[in-house]
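My structure is below; once you've seen it, I'll send some questions.
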């Protein structure tokens, strides 16, 4: 049981003023999405929408099964379908897309508002829309292109892993409803154990590259995938191979802030020292006045 | 008090209005910008009502600032063209910082430092305008790919910080050079100030005035 | 290097500690972040089975109103029954969306009639609806009922009225339907088992 | 289902053919996945389309729509030639050894006894040879040329791999993969489960598709085995129950027959005709109890009015003149032969074949009563919705009533799932608005009609008023009252053979074994007897314990018959009572009776007795040869769909389509030919929707908002469209416009020397609901159907496609 957790780790705070350290002794949780037994039925989409009381607009068919076509403020999870034909064998690779609940959440790092994006001690990353200003930095921060802004209230929305259910002792609604148990929920340790079993079974069926997707670049995730082709995650509708928080975001939210702060300090100090040392430049030329 | 005879018009009325419009925009944009840049300064966003309102107003004030600067660009660009003596000024910066500018160079309408600041502000504003539009939510940002968005946000914040530095220098200079401020409030400066700090400008003004009379 | 979250945030936010203004005491936002209140706390839980396909998944239906006389129950959430041996709490997209079926904008609210040749529905009372339907049936039955066929065999059938039954209705409704049809003498009777 | 959903997990091979459980039964499919994960099972999907089930399969095999029999008989040919047979099972538990009459024959596509004028067979010759005592002759050595085994071997000998390839379009290599996988389960301790649904039934040879697989399962010894069986996944939630209750043209509850005017003039004749005769000495022939079931039904229907003197009211039942199933009814309606129609939750327009015909038919009615929770296409068939329903309301003289009814959440009662489980459910809220419960709606019509007859008198009052309706509130019978009525009760004290009273007068019966044919028991549906006993509601039980570990949960709900979960379960053991597979032990002999984790599907005959497991059969065995029970032959035979893309039958060009298929004149006029309509279309459901219901649910509308059809990349190129374009699909019956989904999952096939393209058309849209308005897929389909079940051929018909 991992306990080195904050309950609410606010992105927008600093070591001098840490976030409240309550409810820190919690098990780390994870959702394991086994794409190899996912039937792409969209029950998870519907259950998510139903539980979380949102409804996207009824859209259109554009020649594929993907509906809604993309994640949105009212579509926190969507199924993505990809037909791959290799060596005469067709595979229909289906992936449930949504927030990965990164251990190092790019969204949270980017967020400027204290408490607007929080990471719970169990690993769930949640956006608190009441505090969200709609700046969209999290959208830039996310390596998976997950958070989406609602143009009406301008807040940003994404999967919260049904944090309300989890704190009431239930699995997220997507996991509970999944007809084939392709979505499992539990402690991260248990999910890794299950994944290992599944991977061994897949290897015995000839999927030599089966593996777990728990990318290190974001410190691991609390939503993990079992893939038949873990060597090529991009086959699964462009799942990034080595997701990391963009260096631009890291610099922007990392080194650049103290640098700027130091710059401000230096400038204030320089100005003050200069003024004290040199004094004001008079309006008139004293020497000329003397001449006069 | 200096009487009317002792003063010359430094900034005509439209320029002064444009400047202060720019200042207004800059002020709010900076306060909110700092609030967005430093999470610990989140409280600054309250200055514009609520953080959400700040999010809405920040780009609006940015555009206010741009509007002021456009006027200033057209009015002041001719005064900010490089001249051949400019290099001399730069060589003497240490002296200038000691308050001896008038001893080392004869400055025209604007000194090269001011000119450089002018163009930097114009340049930075242009960059911030473009990057700001790219990042502007919820209206434009979704039209651009996320990597571009990241670049825009980084560039926008870097330019913003730089801009603040420059404006700080600009304000400090106005504060340090006594008699400067009224040039932007009342529009006039004393002849002696002009003679001391911008002698070539004053002479040019006189020539022009003689010609006119 | 294994870096845990606490360290990570120290790294990321460490710089901020140096910012001038943080030191001036701008406090971070208070911990307003709270998970949404769990919405089923005192909801009434009713067991049902899914009305779509014949897997027959178990449902738990949650309704607003605790059964008190002054509260009108309305179902606001449905999820799978974890005790059900087949479904084990799971529901497919159809079952998971049942709450929108119950509250569909297309639910009929009252009896209506569309008069021949007209272009609109007219709201009528139950009494009027059932009386008019019964009148149609009786007139039809009295006119077309066949008591005996040409060979003199008692056949007691009404060949001019048909009934098509849904296969989502309960057994109990089905049995009543069976009794109704044979009492009227219907032979044009079918359900949609095949389609 | 002979088995049940959870039992799928025990399979070693799951064959999905004629179904798409991942999409149509996603939660049931979890047990196929479970078999893969926890039982090392292989999953094989055989389908014209690469479905979401196929996406999970270890092996996917493609074939042309409507050629399943060829494929399956090819498999049988493989099993026999490669000796992959569970011999002990076949010898003891099937009719392989039975001798068939000498005049039975099969020549050039026709079995003996065909009458071309009637398009029907005289099935007399499709029978066993009987000895002087009237029992069937057998040859246990299987050498007699007239024994079923040899006839079957000869019949399938034509279905070689190259014939399969030529007709199905399946490569011989893929076909071999399928055969080998299936053959592995001929080992006594290996089982295959067959999962099918409407992909098999919705053909003119639908029932024979299933027969073909049933033969395979008998040859492999998989019937009665945990993890085996023939499992109809079924469609609607209570399609099993409503079928059980006989809401069909010629049926009564419990698979009893509604008498016909020709064969059944009185009760005695009726019972003598319908009660099967014992064909093998010493067997059970449980249907021999038909008179008990039927008399008890009449007592349930007519109560005290039913007496031995009046044949228990036999004559008050209507007698049918012809098979008035829904397809015939719609044809008769189109011909103006009907005045009224009551649609109880049935969306005729969206569900029945040939929607344009349905509109023509409904327009001929005087009155239409629609009882439905939803505003649907059928009650609104007269509304003009532009291209989606282009009718002129002024010209439609039908008076339409619509009565708002309850949905599942607003009622209590029982429904039967595919595993034959009767599950009780409870009411969660009231019907919205001024709507009424379904029971109230039916009772409302009944009582309103009765009142008119009571007031005015009229024709045939007896059948109407004698029908029992003894409910506390006749206007609103409670489901509990009705379900107790179906279970049945004693009308007098019932004594056992020794004279001991076992059931008191008025008590609920505890099973159909207690039924009598003397009028002392009443039972509304004999197979449901035991569902509500003196011990209360058995259907509401919720003990999900699984003592065997085989997924058998006898304490959950109640399964008919007698809470039996795996049918024919005696066949899971050899004649001595040893399980074929010790890991799948369901039953055992305890010295006095059979007992175990399931209710034995058997008598008390001890191990080693001559009694065979298929106790419902006259002969006690599984039928490789179906005697006279099937309309088009005792063995399956390949016939092309009535609209065939190749226009011939490579096996017998003179008999192209099923010679007994159900054709009606109105529909035969509207058949297309391949020169005009070159592509094979097949209609189906998607995971996201349930038929025409879920389009009313916003959550589901979001997930599949708009009508589309799936075509191959080659066809897309040919007609010049890309994914997302609108295409026009036309058949001889109608035209629809939908979005094109171009996919690798449908492929061009090479059949009988020509290319065959398949067009996949999901069925879920119409001009009502939350979805984008769309054309109903059934505008295209034909109302020609299966000879046994009258199921329309939705799965294979001809269309043309062009860019819209």
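A, B, C and D are the chain letters, set down in written order, and residue numbers restart from 1 in every chain.
The criterion applied here is as follows: a residue touches a chain if its C-beta (ideal position, glycine included) is under 8 Å from a C-beta of that chain, and two chains touch if they have at least 3 such contacts.
The structure presented is a predicted model; accordingly, all values stated were derived computationally and were not measured.
Novice: Which chains lie in contact with each of subunit B and subunit C?
Specialist: A
Novice: Central chain, going by Cα centroids?
Specialist: When every chain is reduced to its C-alpha mean, the one closest to the whole-protein mean is C.
Novice: So the centre of each chain is just the mean of its C-alpha atoms; given that, what is the distance between subunit A and subunit B in Å?
Specialist: 39
Novice: Using CA atom averages as chain centres, what separation in Å is found between subunit C and subunit D?
Specialist: 25
Novice: Based only on mean CA positions, could you tell me how far subunit A sits from subunit C in angstrom?
Specialist: Whole-Å distance between the two chain centres: 35.
Novice: How many angstrom between the C-alpha centroids of subunit D and subunit B?
Specialist: Chain centroid spacing, subunit B to subunit D, equals 83 Å.
Novice: Going through subunit C residue by residue, note those that touch at least 2 other chains and give them in order.
Specialist: In subunit C, 16, 19, 21-22, 27-29, 90-93, 95-97, 99-100 touch at least two other chains.
Novice: Going by the touch rule set out above, which residues of subunit B reach two or more other chains?
Specialist: In subunit B, 38-40, 42 touch at least two other chains.
Novice: If I count partner chains per residue in subunit A, which residues reach a count of at least 2?
Specialist: Where subunit A meets two or more other chains at a single residue, that happens at 12-14, 17, 41-43, 45-46, 50, 113-114, 131, 179-181, 257, 261, 264.
Novice: Could you please specify the touching residues of subunit C with respect to subunit A in the complex?
Specialist: On the subunit C side, the touching residues are 3-6, 8-23, 27-40, 77-80, 82, 89-93, 95-97, 99-100.
Novice: Per the contact definition, I'd like the list of subunit B residues that touch subunit A in the complex.
Specialist: 35-40, 42, 45, 51-52, 54-56, 97-99, 101-102, 135, 137-138, 141-142, 146-147, 149-151, 153-154, 157-158, 161, 164-165, 168-169, 172, 176-179, 190, 192-193, 195-196
Novice: Mind listing the subunit A positions that touch subunit B in their complex?
Specialist: It is residues 11-14, 17, 111-114, 131, 133-137, 139-140, 142, 145, 149-151, 154, 246, 248-249, 251-252, 256-257, 260-261, 263-264, 267, 271, 274-275, 278-285, 288-289 of subunit A that touch subunit B.
Novice: Considering only the defined contacts, which subunit A positions touch subunit C in the complex?
Specialist: Within the complex, subunit A touches subunit C at residues 4-6, 8-10, 12-17, 19-20, 22, 41-43, 45-47, 50-51, 103-104, 109, 113-116, 118-119, 126, 128, 130-131, 160, 163-168, 173, 176-181, 219, 253-255, 257-259, 261-262, 264-265, 268.
Novice: For the complex, give me every residue of subunit A touching subunit D.
Specialist: Residues in contact with subunit D: 37, 39-43, 45-46, 49-50, 55-65, 67-68, 83, 85, 90-92, 94, 179-181, 198, 201, 205.
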